[in-house]
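Listed next: structures, encoded as structure tokens.
Look for chain A in each of the two complexes below; its partner is chain B in the first and chain C in the second.
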Partner chain A sequence: MIKTEIAVIGGGPAGLCAAIEGTKAGAKVLVIDENSKPGGQLFKQIHKFFGSREHQAGVRGFQIGEKLLEQSRELEIEVWLNSEVCGLDSDKNLWVVRDKKESIKVIAERVIIATGAVENSIYFPGWDLPGVMGAGAAQTMININRVLPGKKVLMVGSGNVGVIVSYQLLQAGAEVVAVVDAAPKLGGYGVHTAKVCRAGVPFYTSHTILKAWGSECVEGAVIVRLDNSWNPVTGSEKFLDVDTICIATGLTPLSELAWMAGCKFEFIPELGGHVPLHDRFMETTVSGIYVAGDISGIEEASTAMDEGRIAGVNAAASLGYIDDDKRKKMTEKLWKRLNSLRCGPFGEKRKSSKDRLLTFRGEA
Partner chain B sequence: MTDTLKTLGYPSLDELKSTPGYPGEDIQKKGPVAIIECIEEIPCNPCETSCPAGAIKVGDPITNLPRLIANKCRGCGRCVAACPGLAIYIKDYTYSAEKALITFPYEYFPLPQKGDRVIAVNRRGKPVCEGEIMEVKLLGSYNKTPLVSMAYPREFFEEVVSIKRLEGEG
Partner chain C sequence: MLRVENHVVLGKIQRGRKVTIIVDGEKVEVFEGEMIAAALMASGKKVFRYTKKHGKPRGVYCGIGRCTDCIMTVNGIPNVRTCITPVEDGMVIKTQRGLGEWRSDTGDD
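So, the complex of A and B:
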């Protein structure tokens, strides 16, 4: 058994920022992550981030990750790697499995859940063939493991994940045969689609994948046009010669631990599904348990980092490390930054969903 | 008016011409100038903060479309490397009597070399004409985004935006 003041579950951008703020305030923080390296999704992001200077715009995702790791080392934050949190109760007892062999109980005074998200899958004949994979998985293969999943790729989904991974597949030397989206409009930022487009990749809106086939692995796919009621149009099938199919149809908050601990949830499709209710200080309905990052609604690394900071500041403050005045000032400053990211046609939807989430706690 | 950005993936000339980052024809033909193809309100402003001449304005809120103040632009290329959307390039109509010059961001291996004859492409990636690589530049401040300059026939001035990716190992 081990005791800590703040346990942070997940060492992605949200978790690391939470840990950094908590430690800076003076609290004893333990970060627990299942991977062999902290950083979460950041080390897969080889592209330059958007935002403003204070959000490190123009810096590549992995470089932001390196900076966070450096800061964590300087602050001597304790990080357990290869460690999975398998259980959490409302008294903030964690059950952790280290290196797949050792089971440890961690008793924490505060818990920050920053477990991120999982990729959604879709089902079609042949979806279980080797060669069909999440876009995030393909991104891990090319950018972390430097292995090309295939030579000819069909991307299903045109949100930012779909178009960014398409671009990175091109950079890694694959051919992207097509990007399809069931919606009548492309989802990702226009600047991303435009750069993939000028590399010669065709986009098909109102199209979906009908089936994939192959004996041992993917050998081809059929896409089909959808009518206004999203039904396949017979005769519009198109055969594509591909060996890899990437699915980029959204993410869902990885929220099991929050369910287990008894946090209340709300279903908000714009944020990726069931999201733990939380207040402006990122505290859930279970006292002392906080959330930050994709688990509290699918957004971006830049917002995940600021949410993490809010959770870290407030968890530390609730332990007496930051006085109330300072806590409020720090929180408000971070909220201002968050709101600057949550504006414009892409951000508005997220902001209004996030605001709705707060109204459930009577705090709009 | 044809809108193609959200259906085909690339901005049409109509869409571009209605935004404050895309300079008018007279300005484009006067000499080297930044051309900004960023037509959606996204939270982003490195173009503004990277420009030493104050020639790009985003302002507050950060989702404003970038506005080019063309008479301040010196065509230095810093914004081209800084833009995370790879949405800016520089074109010079006056490069020579027959040829225009484009400087664009290019993040693929292998990189073209000076003197290479390459295929220039339009916004859909379709081949348009032949071009000649005049320079490949990668400064530390570009943070790993090389800038490629290519001369190409003036008659395709507005259409050309990049080159066909080169084959081979990086």
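So, the complex of A and C:
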């Protein structure tokens, strides 16, 4: 059995920033992550980030990740890697399995859940063939593992992840045969979409995948046009010679531990599905349990980092490490930064959804 | 060639020393520290297991340890998520059928 003041579950951008703020305030923090390396999804994000200078706009994701790791080392934050949190209760007891060998109980005074998200699937004949994978999986393969999952790729979904990963597949030497999107309009940030367009990749809007074809793995795909009511138009089928099909149709918060601990949830499709209710300080309906990053609504790494900072500051403050005045000031400052990220056509929708989430707690 | 040796943003690949693993009885040269799934993919392997009921092929789906599609029998232990398990010299890896079998001798099933 081990005791700590703040246990942070997940060492991605949200978790690391929470741990850094908590430690800077003086609290004893333990970060637990099931991976062999910290950083979550950040190290596969090799594109330049948007936002203001404070958000390190223009810096690439993995470089931000390196800075966070350096800071964590300087602050001597304790990080358990290869450690899965398998259980969490409302009294903030954690059940952790370390190195697939040892079962440890961790008793924490505060818990920050920053477990991130999982990619959504869509279902079509052949969707279970090897060669069909999440776009994020392909991104992990090329940018972290440095292996191409295939040579000829069909990207399903033209949102941010779809276009970013398409470009990164091109950078890694794959051919992106097509990007399809069921919606009549493209969904991603213009900058990324334009780069993929300029590389000559055809975009098919109002199109979806009809089926994947192959005996042991993907050998081809059939796409089809959709009419105004989103029904396939017979005769518009097109065969594509591909060996890999990437699915970029959104993410869902990875929230099992919050359910387990008894946190209340609300269904907000714009944020990725069921999201744990939380207040402006990122505290859930269970006292002393906080959330930050994708688990509290799918956004991006920059917002995940600021949410992590808010959770870290407030968890430490509730333990007496930061006085109320300072805590409020720090929180407000971070909210301002968050709001500046949540603008534009994509951000506005997230902001209004986040505001809606707060109204359930009688805030906002 | 499926390995991304040189990358416009990330530069030249940095990796561990060459080691040998045994995949379904065949020796395969891989690099220490890389994930089993990545090493297999680089060698052109896509089918990592067959499902229990219908015997359908499965490979990498999420790449981050969430979906269990990529599980194989590693050193006699079935259901190992190969996308988040690094290779080790001499590792014995087998395409898994169904739920696999626990055995210590890593021999043929």
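General observations
Quick note on the criterion: the second predicted complex is superposed on the first by the 364 of 364 C-alpha atoms of A that agree within 3 Å, B and C clash if a C-alpha of one lies under 4 Å from a C-alpha of the other, contacts with A are read in each partner's own complex, and residues count from 1 in each chain.
Note that in this section a residue touches a chain if its C-beta (ideal position, glycine included) is under 8 Å from a C-beta of that chain, and two chains touch if they have at least 3 such contacts.
The structure presented is a predicted model; accordingly, all values stated were derived computationally and were not measured.
Aligning the two structures on chain A places chain B and chain C next to each other without any clash.
Look at A:Gln171: by the touch rule set out above, it reaches both chain B and chain C. Of the two partner chains placed by the overlay, only chain B lies in contact with A:Gly190; chain C stays clear of it.
When the two complexes are overlaid on their common chain A, residue A:Met133 makes contact with chain C while staying clear of chain B. Applying the stated contact rule after C-alpha superposition, one finds that A:Gly262 touches neither chain B nor chain C. In the superposition on chain A, contact is made by A:Arg60 with both chain B and chain C. Of the two partner chains, chain C is the only one that A:Glu119 touches; chain B does not reach it. Contacts of A:Gly320 after superposition on the shared chain: neither chain B nor chain C is touched. Of the two partner chains, neither chain B nor chain C is touched by A:Gly26.
Annotation: apex chain A, arms to chain B and chain C, angle 100° (C-alpha centres, rounded to a multiple of 10).
In the superposed pair of complexes, A:Arg198 makes contact with chain B only, with no contact to chain C. In the composite built from the two structures, the nearest CA pair linking chain B and chain C is 5 Å apart. In the superposition on chain A, the residues of chain A contacting both chain B and chain C are 60, 171, 173.
Put simply, chain A touches chain C in their complex at residues 34-36, 41, 46, 60, 62, 118-119, 128-134, 136-138, 140-143, 145-149, 151, 171-173, 216-217, 254. Put simply, chain A touches chain B in their complex at residues 47-53, 57-60, 63, 170-171, 173, 179, 184-186, 189-201, 203, 205, 340-347.
Contacts from chain B toward chain A in the complex involve residues 5-11, 37-46, 49-50, 61-63, 82-87, 107-109, 121-126, 143-145, 161-162, 164-165, 169-170. On chain C, the positions that touch chain A within their shared complex are 2-5, 7-10, 13, 15, 34-35, 37-38, 41-42, 46-48, 56-67, 83-84, 86.
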